[in-house]
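Each of the two complexes below includes chain A, the first together with chain B, the second together with chain C.
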Partner chain A sequence: MAANYLSGKEIRAIAKENKKVMKRLEAYKYRKCDESEYLTEMKNAENILEIDDLHTYFFTDQGVVKAVNGVSFDIPKNATVGVVGESGCGKSVTSMSVMRLLQAPTGQIYSGEIRFKAKDKDGTVKTYDIAKMPMRDIFKIRGNEIAMIFQEPMTSLNPVFTIGQQLDEVTFIHDPEATKEDAKARSIEMLNLVGIAMPERVYNAFPHELSGGMRQRVMISMALASNPRLIIADEPTTALDVTIQAQILDLLRDLKTKIDGSIMLITHDLGIIAEMADYVVVMYAGKVIEKGTVQEIFHNPMHPYTIGLQKSKPTLQSDSDTLFNIPGNVPNPINMPDHCYFKERCTNCIGKCSGEYPGMIQVSPTHFVACHLYEEDQKNG
Partner chain B sequence: MFKYIIKRLIMSVFILLGVSMIIYFLIRLMPVDFIQDKINAINQGGATVSEETVNAMYEMYGLGDNSFLGILKGYFSWLGALATLDLGTSFVYGIPVAQVIFEHMGISFAIALIATIFEFMIAIPLGITAATHQYSFRDYIVTILVMIGISLPSFFFGQMLKDVLALKLGWFPASGLVNATASFSGVELLLDYFKHMFIPILTIVILSIGARMRMTRTNMLEVMNSDYIRTARAKGLRESVVINKHAFRNTLIPLVTSLAGLLPSLFSGAIITEQVFDLPGIGNIALDAMNRGDIPFIMGYNMFLALLSVIGVLLADLMYGLVDPRVKLE
Partner chain C sequence: MADKKIIEAYDPEAILEVRNLRKCFPLKKTLTGKVTQELIAVDDVSFKLKPGETLGIVGESGCGKTTLGRAILKLHQPTSGKIIFEGQDITDFKSSQMREIRKKMQIIFQDPYSSLPPRSTVGGILSEPVTVHNIVPKAEVKDYVLDLMDKCGLRDYYYERYPHEFSGGQRQRICIARALSVNPKLVICDEPVSALDVSIQAQIINLLKKLQQDMNLTYMFISHDLSVVKFISDKIGVMYLGSMVEYGTKEEIFSNPLHPYTQALFSAIPHPDPNFKMNRIILKGDIPSPANPPKGCRFHTRCPYAKDICKEVTPEYKDHGNGHCAACHLLDEQ
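Right, the complex of A and B next:
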């Protein structure tokens, strides 16, 4: 593409600038600091996770990709929050930022806060700002208070270790004094919990001997083995066939009550959201464009993008032979202009849309939307 | 498993037959003539050799008939002798080929084995740190150094080391395998051997580290970017455990496989290095045999290497089954 052509001079300038910023952020990540530096307070005590104005950038040779560009949402206790959006909208990057698993050194949390209410080993409740935590302290949370389930069960397990070896590891991380028998007992208990029929056999199996659904169950059991208070499920059913999808979703729903925790469910499937989530966050091009309870988003979608997403869902009632699609493509995330990113694809544009990016407008106590169309309403009503 | 090995061994016999045929025909087509050289030597001495004696000599060495049928006949008589485990008698040395090989293999094997051990011990950690610190200062330094190593020709670098370490500094002897002026025995003799082998081994190690290090780095990078490494991190494992257990165990798969493939190179001798340091290793002998048209030795030596290659490949496959649970040998 001619528009994306960069001269050698420009590339060198970008690389130089990137190197400077990456070096600073990497040094910040590996700094030594006292716990007090990243202790903070929750805005709302009912929440377990608060993401506040999070910016996660990738410093590539083509320029800075603002994959997550000012995202804010909360995950309340014992709730399932669904994050929806099309591919490349930054939903996975948001979850990776929470886990601090971004591909270094290009991927970096640039600014923002990720407040997480953690329980220490002795039971005291502390609120950490995950975005400010140095990497050597991240183990207080990662795989401990927050566990993650990935999209690709086929490749997410290490092929050269048995399921048992990989599950036992989790127990050993939390309890270094545990004996081999303790770990095995716990692993088998976890395999039972996720509904694996022959846990003893699966325990001794290698990943390649299991089906995709079984592997995803193993991944879930691995996430559960650490007794997490928040599970991040990044498209847990995308790679599975439909019947297995339903089983895995049922399993996740059961588990939420069993572990008494919260789930952050990332998906592009609105059906799953409707079935599973209490709250929905809709993301577009690295920004949250609408968020609210599941009823609000499904019965009263406000942002033109959310409305489009709903329309593009296949239904049996429709007479049409073709699926509705939102015209156009997701914009190139480098050097985005300061106006609504959905403008080019939106059918309801007004004059104001060429102006600066719309702020979040509160429609109801829980419903927020970022669209110029509703600004007047707010003033009037 | 047992059945698989038997099957592979039977297949190997046919492969070796094919190899021997190709080697034999190629050697007979080579423009070196052992007999002619011998006669030339006699002629230079002042004596003359009659036409009949020359023909009788060609017949005696079995090189009389250079037609296709003659070569074929020669091949089958060589093969017939091989069936009775006889590799023939070396033209040059006048003793059985097997004996020549075994006499000179020891030194080459010792050098190659020690060099290979050091090569792996140095190259693997270097490859891992280069991969885990990709594009960092450390990565560049390691890569530049090993690239210099790869690029140096052994006759040049060996000569340079010899010049500096042996001739200028006098720390090590410059050539040969034993000190000609002293007679050592026991531990002292062994020490003397090692002193003589030090520079050749150093040369080989420095020249071979590069390829192994790059291989480790590439494999490690591929593994580090895989989903299961992300899972291991997400579990809350420390980075050292992630690298040394989860990633390294997967990097090991191609490394172990390549290790078994090294089997023939352990015995083949380092032709150029042995030349530079005047070591009586098998590589040196083989080069000499090539130059002088010692057909039985060249056949015996190459078939020995071919056999080792076949076994090496089989071993590599067996190792693969051992280190990678996904591979089942049936």
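Right, the complex of A and C next:
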């Protein structure tokens, strides 16, 4: 395990190479183009979002970090899709790609499609490819059709503006004809919706005056203010205490029925996924390793990583003496191996695992797994 | 002088005894230095800990669990109360006297990223406490450290490396090795796994358990994650707004939680099974500010069973059989 040290010369060579690619991708991002160029069709009309073979790379001086390396999954209408994985597995980068909020110019969508079914102002349904949309058109969707709830409510609210000012802004941006009174009424309505007891007082308060749970409620109300059809919740409860977490999860579940939309829930907590999600996507080192319905993932996990992840979490009900643990660490994101990324940590490797990366194997209509272990089964019958 | 401080009623079996410990932080002072407003971080906490046991302390953020751990180590000077460690009252020990005690009491901090000095190598970090406390002769220090690294699952070639080269789990292993380098008897683990991923968390918890058996350590395990606490502890203390609301053995607490807060805390944990239906008690409102705690029972603002008496009188913390202590008016009535 030699450490990965680079000389100055090597770093400069990488940086030069990266600059070329980044320049090309940046120019593509800010190009002027007609709407027809990024219109597509959904593969399945029941889905609201389809991510197809998405590659999001970070061009660092140490090399290209393939944070998202060929991710595909769908979000059906009115469903909650949970994306679960450890830190650095690319779950947040996937959501940032959907929102087109990647740190430019280092972070770039390299290839792939993100198809989203959007409603135009006049009510016609159009399918956009978010990955190809130029940045000047992205506001049609971002914050409007797709809203996001961020992890850290403290750092995502602006400390120098009152909650009211920040909430009103959403209405002003997405509805240019709105008056001040309209915006205020809408904001107060939103604060009411998320269960804030004294909306008038909170409206005039600054973020520092609120507790963590209240701030997260404000963030949720901000996301709801534009009637989005998809909410991306990126670790919405990680910074909160368990009792407050229970409140927020309860609220999210409640809201999903009220707003008639879909939720993409990103978390590392399997418990939250089991409780909230209808479909689960398990990610590891930038790839989807298993996806299926919540029942399939929890009652019939197939990938050794999913199994290990479930066994390594202590629960209140288990009584064993030692915890199962997955040995080793997540591999270095630069210079990923050609074979299965989980091979070094896997306990049931077979000879084939040293070969190429396993493809997605369909186990049931909704259950997919990327592991060589199940290829044999499929061939045999 | 130290001999005088040996307490008469001290339990000879306990390695650590905390009696009515209280820690206040001044918030506002007048010009003359008189404290006008204070924050009571730890209020009247008592417990005993026997050698080889693990006490788990759970509670939400701001409930004073970290302050309690630090006060026991005297990283904060307690405002009142007593800390009795191995029969000695260490509450008023000077820092020179504490130096001897620190050999026996160590702490593992929460954040492995900020608790390691970035400019020393792993070898340097681990050798320093050994040389300072003269644990082994100078010539044997390196061998001793390498042996310790092996015990904590660190490879020997890490000796020359710097902390920034390691992942979170490896750094936490270094922190554990540093705490154990002086052969302590009591280790206070202040949220040692909350900054780590699930698969790494399991590795660290298993390591802590193994080391406890090998070295006969006593742990005080502070965490907000109940499932982790359940896994590692023998005794559990539940804290809310600075005071201990319930204390008992793991079996007692989990099979028969007495305090409404403990019940709500248990029910709030998401269970990793989609078919599992739990009668969830969702607490209303937020945790009150510890600078301005509510009158009477501190939990009454959020308690689903609160009565009039709860708003006025602070419930007494007492034994409800088999050393299962709790502070709640509802229990007194039964």
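Operating definition for what follows: the second predicted complex is superposed on the first by the 374 of 381 C-alpha atoms of A that agree within 3 Å, B and C clash if a C-alpha of one lies under 4 Å from a C-alpha of the other, contacts with A are read in each partner's own complex, and residues count from 1 in each chain.
We adopt the following convention: contacts are C-beta pairs under 8 Å (C-beta built on N, C-alpha and C of every residue); 3 or more make two chains touch, one makes a residue touch a chain.
Since we're looking at a predicted model, the values are computed, not measured.
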Margin query: Going by the contact rule set out at the top, does A:Met198 touch chain B (first), chain C (second), both, or neither?
Written below: neither
Checklist line | Contacts of A:Gly308 with chain B and chain C, given as first, second, both or neither | finding: second
Item checked: First (chain B), second (chain C), both or neither touched by A:Met219 -> first
Notebook entry, point to check: Of the partners chain B and chain C, which touch A:Asp269 in the superposed model: first, second, both, neither?
Noted result: second
Margin query: In this superposition, which partner touches a larger number of chain A residues, chain B or chain C?
Written below: C
Note to self: With both complexes superposed on chain A, which partner does A:Ala27 reach: first (chain B), second (chain C), both or neither?
What the structure shows: neither
Item checked: Contact residues of chain A, present in both the chain B and the chain C interface -> none
Notebook entry, point to check: Once bound in the complex, which stretches of chain A touch chain B?
Noted result: 99, 101, 139, 142-144, 147-148, 150, 152, 155-161, 169-170, 173, 206, 208, 219, 222, 226
Next item on the list: Spell out the residues on chain B that touch chain A in their complex, using ranges where they run on.
Entry: 226-228, 230-238, 246, 249-250, 253, 323-326
Checklist line | Footprint of chain C on chain A - complex, ascending | finding: 3, 86-87, 211, 213-214, 241-247, 249-250, 268-275, 294-295, 298-299, 308-310, 312-318, 322-327, 329-330
Note to self: List the residues on chain C that touch chain A in their complex, please.
What the structure shows: 60-61, 165, 167, 169-170, 197-203, 205-206, 209, 224, 226-228, 230-231, 254, 264-276, 280, 282-284, 286-287, 302
